[in-house]
Each structure stands twice: as structure tokens, then as C-alpha cells.
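The next part holds the structures, each set out as C-alpha cells.
Paired with chain B in one complex and with chain C in the other, chain A is shared by the two complexes that follow.
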Partner chain A sequence: MLHTVNKSPFESTSLKTCLGLAQSGSDILLIEDGVYGALAGTIHTAMLAQATGTISVYALGPDLKARGLPEDRLIPGIKVVGYDGFVELACANDKVQSWL
Partner chain B sequence: MKLAVMVNEGPYTHQASDTAYNFIVAALNAGHEIFRVFFYHDGVNNGTRLTTPPQDDRHIVNRWSELSKAHDLDLVVCVAAAQRRGIVDPDEAKRNGKDSDNIAPGFRISGLGQLIEAGIQADRLLVFGD
Partner chain C sequence: MSETKKFMYINRRPPYGTVYPLEGLEVVLIGAAFEQEVCMVFISDGVFQLRQGQDTIDSGMKNFSPTYRALGDYEVTRLYVERESLEERGLTEADLMPLTWEDEDDDWAEKPSIQIVSRAQLSDLLEEQDVVFNF
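Moving on, here comes the complex of A and B:
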């Protein structure tokens, strides 16, 4: 399953809830303000860094760029994709769950 | 692949309708079919042709209309959500005794059944909202 998270972990618990329920082998795509969760060196880094072993985590490149977040500040293992990658992830997974 | 999209937020207030639009453009470019775009809650505000953003800003409503025309997209606005927010087509205007309508080209007003059908018929349903 593909999970999309569009809220910053600094304003909402949706990323935490998503990580708690996502099965191993799932994909998580951080979009909109959700991309703040991809940053290394924050109080929320550990929970995502732990998950990257069993879950593949992606961040939407245009949303990182719109917020001035350089890719070298991301947690290692997080892959940056464009909208074409978003489409590919949606098709590669049998379901898409939006954590609104 | 057949994809359906749901948009729950209005233009210019939340990124949801921009994200949905960019996703749909990418999906069409990749050769996928968009079965339907369903606008619910404040998302119905994507469908008023009276929207007039500043000229140097993207015109979110026209952008939907143009995409619909180019790719024969089915843009469906929820009737109950639309009535609450004053989004009307000629039929609804007549039925409710309104002096005008404001539905944008390419959009049509229908019910939640269209969302359910999209969920059944499409291979994936993606929800964009707050």
C-alpha cells in the first residue's frame, strides 16, 4: 500500500500514526507540508529513520523545492521523486491511503 | 491504468487542488486514464467560473476546464456540497429559483454515487485534501 502524508510532523500526528500502522513493505510518500518530516536532525527524525529499513520512504521533489529544503538535508535512505514518480508509486501499489 | 481522484479543498486556500492537478497531468503524460475527478466539501469551489485571480497567478479553475477539454476529463461536483457553497448549473439555478449560474466549463453537478462508482470502476482512488 502507498501511504501519502501531507502534514508536517511539527503540526500533526498523521506521520506518526501512519508509521504506526503501515505494514512492512509499504511505501510512504511525503507531499505538501509532509516533506518537513523528511528532514534530518529534527526531533521527528528518529521515528522515520527507524522505519526506512522495512518501509520505503519518498519525498515529493517539487514540494521540497517550494519550501526551500535542499535534498542534502534529508534523512539518508529517503528517495526524492517528481509527480511522475508519484504516479508510478500509485500504480505500483494496490491501494493508496491518504493520511489527511 | 484507470485512476480516479477526489479533491476536498478549494483553490487558493490549500495546496490540495494544485497537487491533484499536477498528479493528473503526470498520470495523463504517462498514458494513464483518469476515470473521474470528484470535487467534494470545499473542493466544489474549484468549479466556479466567476473566479478571477490576479493575472500573474495561476488560474486554477480555468486550468481544470482546459485540462477537461484537452483530455475529455469528467469533472464532477457534489450537488449537496455545491448547493451549500453557491455553486450552481443552469438546472440547479432553475430548480432553486436563483437568478444565475456559475458552473465552470467542463464541470458537471452530480451526486455521491459518482464517487462510489469511481471507487469501484477505477484501479486506484487518490484523495487530496487537508
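Moving on, here comes the complex of A and C:
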């Protein structure tokens, strides 16, 4: 299943809830303000860094770029994708769960 | 009626995800015409509004970050950024846009607008205000 998260982990529990329910082998795509969850060196980094072992975590490049977040500041293991990658992920998974 | 009041605009949200930061910025610029004693505060995810290097070209949104540079010309010269909020987000002052204003009382010297303050200092500043707006 593909999970999308569009809220900042500093403002909402969306990412935490998503990580609690996403099973290994799932894909998580961070979009909009959700991309702040991809940052290394924050008080929420550990939560997502642990998950990257069993879950594939992606962040939407255009949303990172809009917010001035360079790829070298992201948690290692997180893959940056474009809108085409978003479409590919949606097609590759049988379901999409949006944590709004 | 010419009494000057202390106005504080508190920004707590990150840019682009909602319309609050842009709307808040426009209110500050409009309010500047009333010549009050104005300051802006950036706390929580609001600190991300001042992040350097914002580039919305791929996402098709309006990049309003250059507008913060105009604040000095509107005599909005005090932008308080909470140190704890930066630290929680792995940010330092170097990650923020360099914003300045020109001091006409000091031969138009360029001075930094951003001041990094502690939560305790911010608490005292908040108490001093006559009017507080939240965005």
C-alpha cells in the first residue's frame, strides 16, 4: 500500500499515525508540508529514520524545492521523486491511503 | 488618535501548505501604512517561512519569500525568530534568508532584521504588546 502524508510532523500526528499502521514493504510518500518529516537532525527524525529499514520512504522533490529543503539535509535512505514518480508509486500499489 | 500602539504578528505555520503565511504577510504590509510599532514573530513551523533557497518553479506555486525582503522598506525592522523552534527543526540562523533594513538615523546603515530570541525572551515581548495577530 502507498501511504501519503501531507502534514508537518511538528503540527500534526499524521506521520506518527501512518508509521504506526504502515506494514513492512509499504511505500510512504511525503508531500506538501509532509516533506518536513524528511529532514535530518530534527526532534522527529528518529521516528522516520527507524522506519526506512522496512518501509520505502519517498519525498516529493518539487515540494522540497519550494520550501528550500536541499536533498543533503534529508534522512539518509529517503528517495526524492518528481510528479512522475508519484504517479508510478500510485500505479505500483493496489491502494493509496492519504493521511490528511 | 495619534497614539502609537505595539503590534505583534505571530507566524506559526510553514509556507505553501496553507494560505496563512502569505495572507499574514499581506496584512503586515497593509498594516505598516498605519505607522504603529510593529514586530513579527516566527515560532514553531513559522520559522520555515524564512528558510533560504525557496524555489517554487517545479510546483507551480507563487514564491512569496522575496516579499520578506521588502519589510524593511515598510519600517518592519524587527523579526523575532525563536531559537528553540529552530533547534527542534535542525535549523540555524545560517539557514534563514539574510534580511536587512536601512537605518535613516544612522546614515542609512544596513542592519539585520532577524533577531534570534529565546522562548523566555519571547514570552516577555508578548506581554508588552497592545495588539497581537496570529497567522
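One rule holds for everything that comes next: the second predicted complex is superposed on the first by the 100 of 100 C-alpha atoms of A that agree within 3 Å, B and C clash if a C-alpha of one lies under 4 Å from a C-alpha of the other, contacts with A are read in each partner's own complex, and residues count from 1 in each chain.
Keep this in mind: a residue touches a chain if its C-beta (ideal position, glycine included) is under 8 Å from a C-beta of that chain, and two chains touch if they have at least 3 such contacts.
Every value quoted in this text rests on a predicted model; they were computed, and no experiment measured them.
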{"item": "Combined model on chain A where chain B meets chain C, clash or fit", "value": "fit"}
{"item": "Touched partner set for A:I75, first chain B, second chain C, both or neither", "value": "neither"}
{"item": "Touched partner set for A:E32, first chain B, second chain C, both or neither", "value": "both"}
{"item": "Chain B, chain C and vertex chain A (Cα centres) - angle in steps of 10°", "value": "80"}
{"item": "Touching partner for A:G61 - first (chain B), second (chain C), both, neither", "value": "second"}
{"item": "Partner chain in contact with A:D84 - chain B first, chain C second, else both or neither", "value": "first"}
{"item": "Dominant toucher of chain A (residue count), chain B or chain C", "value": "C"}
{"item": "First, second, both or neither for A:F10, with chain B first and chain C second", "value": "second"}
{"item": "First, second, both or neither for A:K95, with chain B first and chain C second", "value": "first"}
{"item": "Contacts of A:L19 with chain B and chain C, given as first, second, both or neither", "value": "neither"}
{"item": "Three-chain overlay, closest Cα atoms of chain B and chain C, distance in Å", "value": "5"}
{"item": "On chain A, the residue positions that both chain B and chain C contact, one per complex", "value": "6, 32-33, 62-63, 82"}
{"item": "Chain B-touching residues of chain A, taken from the complex the two chains share", "value": "4, 6, 31-33, 62-63, 82-84, 86-88, 90-91, 95-96, 98, 100"}
{"item": "Contact footprint of chain A on chain B as seen in their complex", "value": "1, 3, 8, 15-16, 19, 22-23, 25-27, 29-30, 32, 123-130"}
{"item": "Chain C-touching residues of chain A, taken from the complex the two chains share", "value": "6-8, 10-11, 32-33, 36, 39-43, 45, 61-63, 65-70, 73, 82"}
{"item": "Chain A-touching residues of chain C, taken from the complex the two chains share", "value": "13-18, 44-45, 48, 51-59, 61, 63, 65, 88-90"}
